[in-house]
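Chain lettering (A, B, C and D) follows the sequence in which the chains are written, and residue indices restart at 1 in each chain.
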Amino acid sequence: MPTAPPVFEPRNPDWEADLRASFARQGVMGHIGAELGALAPGEAEIRLPYGAHVSQQHGFFHGGIIATIADSAGGYAGFSLMAAGDGVLTVEFKLNLMAPADGELLIARGRVLRPGRSLFVTTAEVAVLRNGAETPCAVMQQTLMRITGRHDVTG
Amino acid sequence: MPTAPPVFEPRNPDWEADLRASFARQGVMGHIGAELGALAPGEAEIRLPYGAHVSQQHGFFHGGIIATIADSAGGYAGFSLMAAGDGVLTVEFKLNLMAPADGELLIARGRVLRPGRSLFVTTAEVAVLRNGAETPCAVMQQTLMRITGRHDVTG
Amino acid sequence: MPTAPPVFEPRNPDWEADLRASFARQGVMGHIGAELGALAPGEAEIRLPYGAHVSQQHGFFHGGIIATIADSAGGYAGFSLMAAGDGVLTVEFKLNLMAPADGELLIARGRVLRPGRSLFVTTAEVAVLRNGAETPCAVMQQTLMRITGRHDVTG
Amino acid sequence: MPTAPPVFEPRNPDWEADLRASFARQGVMGHIGAELGALAPGEAEIRLPYGAHVSQQHGFFHGGIIATIADSAGGYAGFSLMAAGDGVLTVEFKLNLMAPADGELLIARGRVLRPGRSLFVTTAEVAVLRNGAETPCAVMQQTLMRITGRHDVTG
(Lines give C-alpha, C1' and ligand atoms only; values in the text may rest on other atoms or scores of the structure.)
Protein backbone atom coordinates (compact mmCIF):
# COMPACT_ATOMS: atom_id res chain seq x y z
CA MET A 1 0.00 0.00 0.00
CA PRO A 2 1.39 3.45 -0.84
CA THR A 3 2.66 5.41 2.11
CA ALA A 4 0.49 8.31 3.31
CA PRO A 5 1.74 11.90 2.83
CA PRO A 6 3.95 12.86 5.76
CA VAL A 7 2.74 15.17 8.54
CA PHE A 8 5.34 17.75 9.53
CA GLU A 9 6.12 19.46 12.83
CA PRO A 10 7.76 22.87 12.46
CA ARG A 11 11.06 23.34 14.32
CA ASN A 12 10.83 27.12 14.37
CA PRO A 13 7.89 28.41 16.45
CA ASP A 14 8.00 31.68 14.48
CA TRP A 15 8.16 29.95 11.10
CA GLU A 16 5.18 31.80 9.63
CA ALA A 17 6.35 35.29 10.62
CA ASP A 18 9.89 34.53 9.44
CA LEU A 19 8.55 33.16 6.15
CA ARG A 20 6.43 36.27 5.53
CA ALA A 21 9.40 38.51 6.33
CA SER A 22 11.64 36.59 3.91
CA PHE A 23 9.01 36.72 1.16
CA ALA A 24 8.68 40.48 1.62
CA ARG A 25 12.41 40.78 0.92
CA GLN A 26 12.21 39.01 -2.47
CA GLY A 27 12.18 42.06 -4.73
CA VAL A 28 10.98 40.06 -7.70
CA MET A 29 7.80 38.92 -5.96
CA GLY A 30 6.60 42.44 -5.28
CA HIS A 31 7.67 43.55 -8.74
CA ILE A 32 5.60 40.97 -10.59
CA GLY A 33 2.71 41.25 -8.11
CA ALA A 34 2.93 37.80 -6.45
CA GLU A 35 1.40 37.26 -3.01
CA LEU A 36 1.55 34.53 -0.40
CA GLY A 37 -1.56 32.37 -0.12
CA ALA A 38 -2.26 29.51 2.28
CA LEU A 39 0.65 28.42 4.50
CA ALA A 40 1.09 25.31 6.65
CA PRO A 41 4.11 23.41 7.95
CA GLY A 42 5.68 21.92 4.83
CA GLU A 43 3.33 23.76 2.47
CA ALA A 44 3.29 27.19 0.84
CA GLU A 45 1.07 28.78 -1.78
CA ILE A 46 1.93 31.73 -4.02
CA ARG A 47 -0.65 33.56 -6.14
CA LEU A 48 0.02 35.81 -9.13
CA PRO A 49 -2.64 37.84 -11.00
CA TYR A 50 -2.26 38.06 -14.78
CA GLY A 51 -0.77 41.04 -16.56
CA ALA A 52 1.07 41.74 -19.80
CA HIS A 53 4.27 42.08 -17.76
CA VAL A 54 4.27 38.33 -17.01
CA SER A 55 3.23 37.12 -20.46
CA GLN A 56 4.93 35.28 -23.29
CA GLN A 57 4.45 35.78 -27.02
CA HIS A 58 1.02 34.09 -27.14
CA GLY A 59 -0.38 36.13 -24.23
CA PHE A 60 -0.25 33.31 -21.66
CA PHE A 61 1.79 33.40 -18.44
CA HIS A 62 5.48 32.98 -19.38
CA GLY A 63 7.09 29.65 -18.45
CA GLY A 64 9.83 31.45 -16.57
CA ILE A 65 7.27 33.26 -14.46
CA ILE A 66 5.58 29.95 -13.71
CA ALA A 67 9.03 28.70 -12.70
CA THR A 68 9.59 31.77 -10.55
CA ILE A 69 6.54 31.25 -8.36
CA ALA A 70 6.85 27.46 -8.36
CA ASP A 71 10.49 27.76 -7.24
CA SER A 72 9.53 30.10 -4.42
CA ALA A 73 6.50 28.02 -3.40
CA GLY A 74 8.72 24.95 -3.06
CA GLY A 75 11.42 26.96 -1.35
CA TYR A 76 9.07 28.41 1.25
CA ALA A 77 7.43 25.03 1.82
CA GLY A 78 10.90 23.84 2.80
CA PHE A 79 11.73 26.99 4.76
CA SER A 80 8.65 26.43 6.94
CA LEU A 81 10.27 23.29 8.35
CA MET A 82 13.73 24.68 8.97
CA ALA A 83 15.18 25.92 12.25
CA ALA A 84 15.10 29.55 13.34
CA GLY A 85 17.92 31.43 11.62
CA ASP A 86 18.29 28.88 8.80
CA GLY A 87 18.42 30.07 5.22
CA VAL A 88 17.24 28.19 2.12
CA LEU A 89 18.85 27.94 -1.31
CA THR A 90 17.48 26.25 -4.40
CA VAL A 91 19.95 23.60 -5.59
CA GLU A 92 17.94 22.76 -8.70
CA PHE A 93 14.43 22.23 -9.98
CA LYS A 94 12.69 20.67 -12.94
CA LEU A 95 9.43 22.01 -14.32
CA ASN A 96 6.97 20.41 -16.73
CA LEU A 97 4.61 22.79 -18.48
CA MET A 98 1.48 20.69 -19.04
CA ALA A 99 -1.05 23.10 -20.51
CA PRO A 100 -1.13 26.73 -21.64
CA ALA A 101 -1.29 28.98 -18.58
CA ASP A 102 -4.23 30.92 -19.93
CA GLY A 103 -6.23 32.67 -17.22
CA GLU A 104 -6.52 35.49 -14.72
CA LEU A 105 -4.65 34.01 -11.75
CA LEU A 106 -1.70 31.65 -11.39
CA ILE A 107 -1.47 29.56 -8.18
CA ALA A 108 1.64 27.57 -7.17
CA ARG A 109 1.35 25.14 -4.26
CA GLY A 110 4.64 23.86 -2.87
CA ARG A 111 4.89 20.81 -0.61
CA VAL A 112 7.82 19.09 1.07
CA LEU A 113 8.34 15.46 0.11
CA ARG A 114 11.43 14.85 2.19
CA PRO A 115 13.06 17.14 4.75
CA GLY A 116 16.63 15.93 5.14
CA ARG A 117 19.41 17.14 7.35
CA SER A 118 20.90 19.42 4.69
CA LEU A 119 18.86 18.68 1.55
CA PHE A 120 15.09 18.89 1.10
CA VAL A 121 13.05 17.48 -1.78
CA THR A 122 9.84 19.32 -2.65
CA THR A 123 7.19 19.36 -5.32
CA ALA A 124 4.91 22.13 -6.54
CA GLU A 125 1.73 22.01 -8.57
CA VAL A 126 0.79 25.08 -10.55
CA ALA A 127 -2.77 25.77 -11.66
CA VAL A 128 -4.34 28.60 -13.61
CA LEU A 129 -7.73 30.02 -12.69
CA ARG A 130 -9.96 31.02 -15.59
CA ASN A 131 -13.57 32.04 -15.10
CA GLY A 132 -13.49 30.50 -11.63
CA ALA A 133 -12.25 27.05 -12.69
CA GLU A 134 -8.77 25.72 -11.96
CA THR A 135 -6.70 23.92 -14.60
CA PRO A 136 -3.36 22.31 -13.67
CA CYS A 137 -0.73 23.83 -15.93
CA ALA A 138 2.67 22.83 -14.49
CA VAL A 139 4.39 20.55 -12.04
CA MET A 140 7.82 20.97 -10.46
CA GLN A 141 10.27 18.74 -8.58
CA GLN A 142 12.95 20.56 -6.58
CA THR A 143 16.02 20.14 -4.36
CA LEU A 144 16.72 22.70 -1.63
CA MET A 145 19.70 23.20 0.63
CA ARG A 146 19.33 24.28 4.23
CA ILE A 147 21.92 26.94 5.11
CA THR A 148 22.77 27.11 8.77
CA GLY A 149 24.46 29.96 10.58
CA ARG A 150 23.26 32.56 8.11
CA HIS A 151 20.07 34.48 8.68
CA ASP A 152 17.68 34.27 5.76
CA VAL A 153 15.48 37.05 7.06
CA THR A 154 18.15 39.55 7.97
CA GLY A 155 20.25 38.84 4.88
CA MET B 1 36.37 9.94 -29.38
CA PRO B 2 33.55 12.29 -28.37
CA THR B 3 31.47 13.63 -31.21
CA ALA B 4 32.01 17.27 -32.19
CA PRO B 5 29.23 19.81 -31.54
CA PRO B 6 26.77 19.79 -34.44
CA VAL B 7 26.70 22.53 -37.04
CA PHE B 8 23.20 23.63 -37.94
CA GLU B 9 21.64 24.93 -41.13
CA PRO B 10 18.60 27.17 -40.60
CA ARG B 11 15.44 26.12 -42.46
CA ASN B 12 13.85 29.56 -42.30
CA PRO B 13 15.81 32.20 -44.30
CA ASP B 14 14.18 34.90 -42.14
CA TRP B 15 14.92 33.13 -38.86
CA GLU B 16 16.68 36.08 -37.26
CA ALA B 17 14.01 38.65 -38.07
CA ASP B 18 11.27 36.25 -36.98
CA LEU B 19 13.13 35.50 -33.75
CA ARG B 20 13.54 39.18 -32.92
CA ALA B 21 9.85 39.80 -33.65
CA SER B 22 8.82 36.93 -31.38
CA PHE B 23 11.12 38.12 -28.58
CA ALA B 24 9.64 41.61 -28.82
CA ARG B 25 6.21 40.07 -28.16
CA GLN B 26 7.28 38.43 -24.86
CA GLY B 27 5.90 41.01 -22.43
CA VAL B 28 7.93 39.64 -19.57
CA MET B 29 11.25 40.24 -21.33
CA GLY B 30 10.64 43.95 -21.78
CA HIS B 31 9.22 44.23 -18.30
CA ILE B 32 12.30 42.82 -16.57
CA GLY B 33 14.67 44.56 -18.99
CA ALA B 34 16.06 41.52 -20.84
CA GLU B 35 17.63 41.94 -24.27
CA LEU B 36 18.73 39.64 -27.04
CA GLY B 37 22.51 39.20 -27.38
CA ALA B 38 24.44 37.16 -29.93
CA LEU B 39 22.36 34.96 -32.27
CA ALA B 40 23.40 32.13 -34.57
CA PRO B 41 21.62 29.12 -36.03
CA GLY B 42 20.98 26.87 -33.02
CA GLU B 43 22.21 29.48 -30.53
CA ALA B 44 20.65 32.44 -28.71
CA GLU B 45 21.91 34.71 -25.97
CA ILE B 46 19.79 36.79 -23.58
CA ARG B 47 21.22 39.50 -21.32
CA LEU B 48 19.61 41.01 -18.22
CA PRO B 49 21.03 43.93 -16.21
CA TYR B 50 20.64 43.74 -12.44
CA GLY B 51 17.94 45.56 -10.51
CA ALA B 52 16.04 45.15 -7.26
CA HIS B 53 13.04 44.06 -9.32
CA VAL B 54 14.79 40.79 -10.27
CA SER B 55 16.33 40.00 -6.88
CA GLN B 56 15.73 37.41 -4.18
CA GLN B 57 15.99 37.89 -0.42
CA HIS B 58 19.81 38.04 -0.37
CA GLY B 59 20.02 40.64 -3.14
CA PHE B 60 21.20 38.23 -5.87
CA PHE B 61 19.32 37.52 -9.10
CA HIS B 62 16.28 35.36 -8.24
CA GLY B 63 16.41 31.73 -9.36
CA GLY B 64 13.12 32.12 -11.17
CA ILE B 65 14.50 35.04 -13.15
CA ILE B 66 17.54 32.96 -14.06
CA ALA B 67 15.07 30.30 -15.18
CA THR B 68 13.10 32.85 -17.17
CA ILE B 69 16.00 33.96 -19.34
CA ALA B 70 17.51 30.46 -19.56
CA ASP B 71 14.16 29.08 -20.70
CA SER B 72 13.86 31.76 -23.38
CA ALA B 73 17.51 31.41 -24.47
CA GLY B 74 16.99 27.67 -25.00
CA GLY B 75 13.63 28.27 -26.63
CA TYR B 76 14.97 30.79 -29.13
CA ALA B 77 18.02 28.61 -29.85
CA GLY B 78 15.50 25.99 -30.95
CA PHE B 79 13.26 28.49 -32.75
CA SER B 80 16.22 29.58 -34.92
CA LEU B 81 16.25 26.11 -36.52
CA MET B 82 12.53 25.74 -37.10
CA ALA B 83 10.63 26.34 -40.32
CA ALA B 84 8.97 29.63 -41.21
CA GLY B 85 5.63 29.86 -39.43
CA ASP B 86 6.53 27.31 -36.76
CA GLY B 87 5.94 28.09 -33.11
CA VAL B 88 7.87 26.81 -30.14
CA LEU B 89 6.63 25.64 -26.74
CA THR B 90 8.67 24.61 -23.72
CA VAL B 91 7.76 21.06 -22.72
CA GLU B 92 9.97 21.09 -19.63
CA PHE B 93 13.32 22.21 -18.33
CA LYS B 94 15.64 21.49 -15.43
CA LEU B 95 17.90 24.13 -13.95
CA ASN B 96 20.86 23.74 -11.59
CA LEU B 97 21.85 26.86 -9.68
CA MET B 98 25.59 26.44 -9.19
CA ALA B 99 26.71 29.67 -7.55
CA PRO B 100 25.09 32.86 -6.22
CA ALA B 101 24.12 35.08 -9.16
CA ASP B 102 25.82 38.11 -7.65
CA GLY B 103 26.72 40.72 -10.24
CA GLU B 104 25.60 43.50 -12.56
CA LEU B 105 24.61 41.47 -15.64
CA LEU B 106 23.13 38.02 -16.18
CA ILE B 107 23.87 36.26 -19.49
CA ALA B 108 22.06 33.10 -20.66
CA ARG B 109 23.42 31.25 -23.69
CA GLY B 110 21.10 28.64 -25.20
CA ARG B 111 22.29 25.98 -27.62
CA VAL B 112 20.50 23.18 -29.45
CA LEU B 113 21.76 19.67 -28.69
CA ARG B 114 19.29 17.82 -30.84
CA PRO B 115 16.74 19.21 -33.30
CA GLY B 116 14.15 16.47 -33.80
CA ARG B 117 11.09 16.34 -35.97
CA SER B 118 8.75 17.51 -33.22
CA LEU B 119 10.94 17.64 -30.09
CA PHE B 120 14.17 19.58 -29.59
CA VAL B 121 16.68 19.14 -26.76
CA THR B 122 18.64 22.22 -25.74
CA THR B 123 21.01 23.35 -23.03
CA ALA B 124 21.73 26.79 -21.63
CA GLU B 125 24.60 28.07 -19.57
CA VAL B 126 24.01 31.12 -17.42
CA ALA B 127 26.85 33.35 -16.21
CA VAL B 128 26.91 36.45 -14.09
CA LEU B 129 29.22 39.36 -14.88
CA ARG B 130 30.76 41.14 -11.88
CA ASN B 131 33.45 43.78 -12.27
CA GLY B 132 34.05 42.59 -15.82
CA ALA B 133 34.60 38.90 -14.97
CA GLU B 134 32.15 36.11 -15.83
CA THR B 135 31.23 33.41 -13.33
CA PRO B 136 29.03 30.46 -14.40
CA CYS B 137 26.01 30.42 -12.09
CA ALA B 138 23.48 28.04 -13.62
CA VAL B 139 23.01 25.34 -16.24
CA MET B 140 19.77 24.19 -17.83
CA GLN B 141 18.61 21.18 -19.86
CA GLN B 142 15.38 21.62 -21.79
CA THR B 143 12.84 19.94 -24.07
CA LEU B 144 10.99 22.01 -26.67
CA MET B 145 8.08 21.18 -28.94
CA ARG B 146 7.84 22.49 -32.46
CA ILE B 147 4.31 23.66 -33.23
CA THR B 148 3.39 23.61 -36.88
CA GLY B 149 0.53 25.42 -38.53
CA ARG B 150 0.44 28.14 -35.89
CA HIS B 151 2.31 31.36 -36.35
CA ASP B 152 4.57 32.15 -33.43
CA VAL B 153 5.22 35.67 -34.58
CA THR B 154 1.68 36.71 -35.38
CA GLY B 155 0.15 34.87 -32.43
CA MET C 1 -8.64 24.49 -3.12
CA PRO C 2 -6.23 22.09 -4.79
CA THR C 3 -7.69 20.05 -7.58
CA ALA C 4 -8.40 16.37 -6.88
CA PRO C 5 -6.28 13.71 -8.61
CA PRO C 6 -7.76 12.93 -12.00
CA VAL C 7 -9.75 9.76 -12.69
CA PHE C 8 -8.84 8.15 -15.98
CA GLU C 9 -10.84 6.13 -18.49
CA PRO C 10 -8.78 3.70 -20.56
CA ARG C 11 -9.13 4.03 -24.33
CA ASN C 12 -7.90 0.51 -25.05
CA PRO C 13 -10.24 -2.19 -23.68
CA ASP C 14 -7.30 -4.63 -23.71
CA TRP C 15 -4.91 -2.22 -21.99
CA GLU C 16 -3.96 -4.62 -19.22
CA ALA C 17 -3.17 -7.59 -21.47
CA ASP C 18 -1.26 -5.34 -23.88
CA LEU C 19 0.68 -3.81 -21.00
CA ARG C 20 1.65 -7.23 -19.62
CA ALA C 21 2.74 -8.39 -23.08
CA SER C 22 4.89 -5.28 -23.55
CA PHE C 23 6.47 -5.69 -20.12
CA ALA C 24 7.32 -9.32 -20.91
CA ARG C 25 9.26 -8.08 -23.93
CA GLN C 26 11.52 -5.76 -21.89
CA GLY C 27 14.59 -7.99 -21.61
CA VAL C 28 16.07 -5.93 -18.85
CA MET C 29 13.09 -6.44 -16.55
CA GLY C 30 13.38 -10.21 -16.61
CA HIS C 31 17.14 -10.02 -16.34
CA ILE C 32 17.14 -7.99 -13.13
CA GLY C 33 14.13 -9.86 -11.73
CA ALA C 34 11.53 -7.07 -11.84
CA GLU C 35 7.81 -7.92 -11.82
CA LEU C 36 4.60 -6.04 -12.43
CA GLY C 37 2.55 -5.27 -9.30
CA ALA C 38 -0.79 -3.50 -9.05
CA LEU C 39 -2.17 -2.00 -12.27
CA ALA C 40 -5.02 0.45 -12.84
CA PRO C 41 -5.85 2.96 -15.59
CA GLY C 42 -3.14 5.61 -15.28
CA GLU C 43 -1.19 3.65 -12.66
CA ALA C 44 1.45 0.92 -12.74
CA GLU C 45 3.58 -0.68 -10.05
CA ILE C 46 6.89 -2.52 -10.55
CA ARG C 47 8.56 -4.60 -7.82
CA LEU C 48 12.20 -5.69 -7.67
CA PRO C 49 13.69 -8.03 -5.03
CA TYR C 50 17.17 -7.20 -3.82
CA GLY C 51 20.31 -8.94 -5.07
CA ALA C 52 23.99 -8.15 -5.44
CA HIS C 53 23.38 -7.80 -9.19
CA VAL C 54 21.38 -4.58 -8.63
CA SER C 55 23.62 -3.03 -5.96
CA GLN C 56 26.00 -0.09 -5.83
CA GLN C 57 29.27 0.17 -3.92
CA HIS C 58 27.63 0.47 -0.47
CA GLY C 59 25.37 -2.56 -0.98
CA PHE C 60 22.16 -0.58 -1.53
CA PHE C 61 20.04 -0.69 -4.68
CA HIS C 62 21.91 1.25 -7.42
CA GLY C 63 20.45 4.62 -8.42
CA GLY C 64 20.36 3.54 -12.05
CA ILE C 65 18.30 0.48 -11.14
CA ILE C 66 15.91 2.68 -9.20
CA ALA C 67 15.71 4.81 -12.34
CA THR C 68 15.13 1.73 -14.48
CA ILE C 69 12.02 0.59 -12.62
CA ALA C 70 10.77 4.15 -11.99
CA ASP C 71 11.10 4.90 -15.72
CA SER C 72 9.15 1.77 -16.62
CA ALA C 73 6.51 2.33 -13.92
CA GLY C 74 5.85 5.81 -15.27
CA GLY C 75 5.97 4.56 -18.84
CA TYR C 76 3.42 1.80 -18.25
CA ALA C 77 1.18 4.15 -16.24
CA GLY C 78 1.05 6.23 -19.42
CA PHE C 79 0.73 3.21 -21.72
CA SER C 80 -2.40 2.09 -19.82
CA LEU C 81 -4.22 5.18 -21.09
CA MET C 82 -3.11 5.01 -24.71
CA ALA C 83 -5.06 3.65 -27.66
CA ALA C 84 -4.73 0.09 -28.91
CA GLY C 85 -1.63 -0.18 -31.08
CA ASP C 86 0.05 2.89 -29.61
CA GLY C 87 3.63 2.71 -28.44
CA VAL C 88 5.28 4.71 -25.70
CA LEU C 89 8.71 6.32 -25.58
CA THR C 90 10.35 8.10 -22.67
CA VAL C 91 11.25 11.65 -23.71
CA GLU C 92 13.03 12.44 -20.42
CA PHE C 93 12.80 11.94 -16.70
CA LYS C 94 14.25 13.45 -13.54
CA LEU C 95 14.85 11.37 -10.42
CA ASN C 96 15.59 12.51 -6.87
CA LEU C 97 17.20 9.93 -4.62
CA MET C 98 15.90 10.83 -1.17
CA ALA C 99 17.22 8.09 1.10
CA PRO C 100 19.49 5.04 0.80
CA ALA C 101 17.57 2.23 -0.90
CA ASP C 102 18.49 -0.25 1.79
CA GLY C 103 16.08 -3.18 1.96
CA GLU C 104 14.83 -6.43 0.48
CA LEU C 105 12.30 -5.11 -2.05
CA LEU C 106 12.10 -2.01 -4.23
CA ILE C 107 8.64 -0.79 -5.28
CA ALA C 108 8.05 1.87 -7.97
CA ARG C 109 4.54 3.28 -8.38
CA GLY C 110 3.94 5.30 -11.54
CA ARG C 111 0.97 7.60 -11.99
CA VAL C 112 -0.17 9.81 -14.87
CA LEU C 113 -0.46 13.51 -14.06
CA ARG C 114 -1.48 14.68 -17.51
CA PRO C 115 -2.35 12.57 -20.56
CA GLY C 116 -1.94 14.86 -23.55
CA ARG C 117 -2.52 14.25 -27.22
CA SER C 118 1.09 13.33 -27.91
CA LEU C 119 2.93 14.03 -24.62
CA PHE C 120 2.14 12.58 -21.18
CA VAL C 121 3.48 13.81 -17.84
CA THR C 122 3.84 11.21 -15.10
CA THR C 123 5.31 10.85 -11.66
CA ALA C 124 6.62 7.81 -9.81
CA GLU C 125 7.32 7.27 -6.15
CA VAL C 126 9.83 4.60 -5.21
CA ALA C 127 9.89 2.98 -1.79
CA VAL C 128 12.11 0.32 -0.26
CA LEU C 129 10.69 -2.40 1.97
CA ARG C 130 12.85 -3.41 4.93
CA ASN C 131 11.60 -5.74 7.64
CA GLY C 132 8.05 -5.14 6.46
CA ALA C 133 8.15 -1.33 6.62
CA GLU C 134 8.18 0.93 3.59
CA THR C 135 10.51 3.93 3.33
CA PRO C 136 10.21 6.37 0.40
CA CYS C 137 13.60 6.47 -1.30
CA ALA C 138 13.10 8.24 -4.64
CA VAL C 139 10.69 10.34 -6.64
CA MET C 140 10.58 10.82 -10.41
CA GLN C 141 8.96 13.28 -12.84
CA GLN C 142 8.73 12.13 -16.45
CA THR C 143 7.66 13.09 -19.96
CA LEU C 144 6.42 10.37 -22.34
CA MET C 145 5.61 10.45 -26.03
CA ARG C 146 2.73 8.52 -27.49
CA ILE C 147 3.77 6.82 -30.75
CA THR C 148 0.92 6.12 -33.10
CA GLY C 149 0.89 3.72 -36.02
CA ARG C 150 3.59 1.54 -34.51
CA HIS C 151 2.72 -1.47 -32.44
CA ASP C 152 4.40 -1.44 -29.07
CA VAL C 153 3.50 -5.04 -28.35
CA THR C 154 4.50 -6.57 -31.64
CA GLY C 155 7.58 -4.38 -32.07
CA MET D 1 32.55 35.49 -24.66
CA PRO D 2 31.57 32.14 -23.20
CA THR D 3 33.85 30.85 -20.48
CA ALA D 4 36.19 28.00 -21.40
CA PRO D 5 35.61 24.55 -19.87
CA PRO D 6 37.34 24.36 -16.48
CA VAL D 7 40.58 22.46 -15.97
CA PHE D 8 40.60 20.42 -12.81
CA GLU D 9 43.35 19.43 -10.40
CA PRO D 10 42.69 16.22 -8.48
CA ARG D 11 42.90 16.47 -4.69
CA ASN D 12 43.47 12.75 -4.18
CA PRO D 13 46.80 11.55 -5.67
CA ASP D 14 45.35 8.01 -5.82
CA TRP D 15 42.08 9.11 -7.42
CA GLU D 16 42.33 6.70 -10.35
CA ALA D 17 43.08 3.60 -8.27
CA ASP D 18 40.36 4.54 -5.76
CA LEU D 19 37.89 5.13 -8.59
CA ARG D 20 38.63 1.75 -10.16
CA ALA D 21 38.27 0.03 -6.78
CA SER D 22 34.90 1.73 -6.17
CA PHE D 23 33.66 0.80 -9.65
CA ALA D 24 34.63 -2.84 -9.07
CA ARG D 25 32.38 -2.84 -6.00
CA GLN D 26 29.26 -1.74 -7.93
CA GLY D 27 27.60 -5.12 -8.37
CA VAL D 28 25.28 -3.85 -11.05
CA MET D 29 28.12 -2.76 -13.35
CA GLY D 30 29.65 -6.21 -13.49
CA HIS D 31 26.24 -7.81 -13.80
CA ILE D 32 25.24 -5.85 -16.89
CA GLY D 33 28.75 -5.99 -18.36
CA ALA D 34 29.73 -2.33 -18.07
CA GLU D 35 33.40 -1.33 -18.06
CA LEU D 36 35.36 1.81 -17.33
CA GLY D 37 36.77 3.62 -20.36
CA ALA D 38 38.87 6.78 -20.48
CA LEU D 39 39.43 8.56 -17.16
CA ALA D 40 40.79 12.04 -16.41
CA PRO D 41 40.38 14.48 -13.53
CA GLY D 42 36.73 15.55 -13.71
CA GLU D 43 35.90 13.06 -16.48
CA ALA D 44 34.85 9.40 -16.57
CA GLU D 45 33.70 7.15 -19.39
CA ILE D 46 31.65 3.94 -19.03
CA ARG D 47 31.12 1.48 -21.88
CA LEU D 48 28.43 -1.19 -22.15
CA PRO D 49 28.18 -3.80 -24.93
CA TYR D 50 24.68 -4.66 -26.16
CA GLY D 51 22.78 -7.72 -25.04
CA ALA D 52 19.15 -8.79 -24.66
CA HIS D 53 19.58 -8.40 -20.89
CA VAL D 54 19.82 -4.60 -21.26
CA SER D 55 17.08 -4.14 -23.86
CA GLN D 56 13.60 -2.66 -23.87
CA GLN D 57 10.55 -3.86 -25.80
CA HIS D 58 11.81 -2.63 -29.20
CA GLY D 59 15.24 -4.26 -28.84
CA PHE D 60 17.15 -1.04 -28.13
CA PHE D 61 19.11 -0.30 -24.96
CA HIS D 62 16.59 0.35 -22.14
CA GLY D 63 16.30 3.96 -20.93
CA GLY D 64 16.94 2.84 -17.38
CA ILE D 65 20.17 1.17 -18.43
CA ILE D 66 21.23 4.35 -20.21
CA ALA D 67 20.44 6.14 -16.95
CA THR D 68 22.45 3.58 -14.99
CA ILE D 69 25.70 4.13 -16.85
CA ALA D 70 25.12 7.89 -17.26
CA ASP D 71 24.52 8.20 -13.51
CA SER D 72 27.73 6.30 -12.76
CA ALA D 73 29.76 8.18 -15.38
CA GLY D 74 28.71 11.49 -13.83
CA GLY D 75 29.25 10.14 -10.33
CA TYR D 76 32.78 8.94 -11.06
CA ALA D 77 33.63 12.17 -12.89
CA GLY D 78 32.82 13.89 -9.60
CA PHE D 79 34.56 11.24 -7.47
CA SER D 80 37.80 11.84 -9.39
CA LEU D 81 37.97 15.36 -7.92
CA MET D 82 37.13 14.48 -4.33
CA ALA D 83 39.53 14.03 -1.45
CA ALA D 84 40.96 10.66 -0.38
CA GLY D 85 38.39 8.87 1.72
CA ASP D 86 35.42 10.85 0.40
CA GLY D 87 32.34 9.07 -0.81
CA VAL D 88 29.89 10.21 -3.49
CA LEU D 89 26.09 10.03 -3.55
CA THR D 90 23.76 10.98 -6.38
CA VAL D 91 21.32 13.62 -5.17
CA GLU D 92 19.35 13.66 -8.42
CA PHE D 93 19.72 13.55 -12.17
CA LYS D 94 17.70 14.36 -15.27
CA LEU D 95 18.07 12.43 -18.48
CA ASN D 96 16.86 13.27 -21.98
CA LEU D 97 16.61 10.37 -24.39
CA MET D 98 17.27 11.96 -27.77
CA ALA D 99 17.37 9.07 -30.22
CA PRO D 100 16.81 5.29 -30.11
CA ALA D 101 19.86 3.64 -28.55
CA ASP D 102 20.20 1.16 -31.37
CA GLY D 103 23.69 -0.28 -31.68
CA GLU D 104 26.35 -2.62 -30.37
CA LEU D 105 27.98 -0.43 -27.73
CA LEU D 106 26.73 2.29 -25.37
CA ILE D 107 29.23 4.93 -24.21
CA ALA D 108 28.53 7.39 -21.38
CA ARG D 109 30.96 10.27 -20.84
CA GLY D 110 30.59 12.13 -17.55
CA ARG D 111 32.13 15.54 -16.93
CA VAL D 112 32.14 17.87 -13.94
CA LEU D 113 30.63 21.31 -14.53
CA ARG D 114 31.04 22.63 -11.01
CA PRO D 115 32.84 21.03 -8.07
CA GLY D 116 31.45 22.67 -4.95
CA ARG D 117 32.30 22.21 -1.33
CA SER D 118 29.54 19.66 -0.74
CA LEU D 119 27.57 19.60 -4.01
CA PHE D 120 28.88 18.88 -7.50
CA VAL D 121 27.08 19.51 -10.79
CA THR D 122 27.94 17.20 -13.67
CA THR D 123 26.76 16.39 -17.15
CA ALA D 124 27.00 13.20 -19.19
CA GLU D 125 26.61 12.60 -22.88
CA VAL D 126 25.62 9.13 -24.01
CA ALA D 127 26.29 7.86 -27.51
CA VAL D 128 25.58 4.55 -29.21
CA LEU D 129 28.08 2.95 -31.56
CA ARG D 130 26.61 1.20 -34.60
CA ASN D 131 28.78 -0.11 -37.40
CA GLY D 132 31.63 2.02 -36.15
CA ALA D 133 29.76 5.33 -36.12
CA GLU D 134 28.70 7.15 -32.98
CA THR D 135 25.24 8.69 -32.58
CA PRO D 136 24.40 10.81 -29.52
CA CYS D 137 21.38 9.21 -27.85
CA ALA D 138 21.02 10.82 -24.42
CA VAL D 139 22.19 13.70 -22.27
CA MET D 140 22.10 13.95 -18.48
CA GLN D 141 22.42 16.74 -15.90
CA GLN D 142 23.20 15.63 -12.35
CA THR D 143 23.76 16.79 -8.77
CA LEU D 144 26.16 14.86 -6.53
CA MET D 145 26.90 15.10 -2.83
CA ARG D 146 30.38 14.65 -1.43
CA ILE D 147 30.31 12.51 1.70
CA THR D 148 33.20 13.10 4.05
CA GLY D 149 34.39 10.84 6.82
CA ARG D 150 33.02 7.72 5.18
CA HIS D 151 35.20 5.60 2.97
CA ASP D 152 33.65 4.98 -0.40
CA VAL D 153 36.10 2.28 -1.32
CA THR D 154 36.00 0.27 1.86
CA GLY D 155 32.24 0.71 2.35
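By definition in this document, contacts are C-beta pairs under 8 Å (C-beta built on N, C-alpha and C of every residue); 3 or more make two chains touch, one makes a residue touch a chain.
Fair warning: this is a prediction, and the values are worked out from it, not measured in the lab.
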Strictly by the touch rule at the top, which chains does chain C share as contacts with chain D?
A, B
Touching both chain A and chain B: give me those chains, sorted by label.
C, D
Measuring from the mean C-alpha position of chain A to the mean C-alpha position of chain C, what distance in angstrom results?
27
Distance from chain D to chain A - Cα centre to Cα centre, in angstrom
32
Contacts with 2+ other chains: residues of chain C
91-92, 94, 96, 143
Residues of chain B defined as touching chain A within the complex:
22-23, 25-28, 31, 51-59, 62-65, 67-72, 87, 89-97, 152-153, 155
Which bits of chain C are touching chain B when the two form their complex?
91-92, 94, 118-119, 143, 145
Residue ranges of chain D in contact with chain B within the complex
2-3, 94, 96, 98-99, 109, 113-114, 116, 121, 123, 125, 127, 134, 136, 139, 141, 143
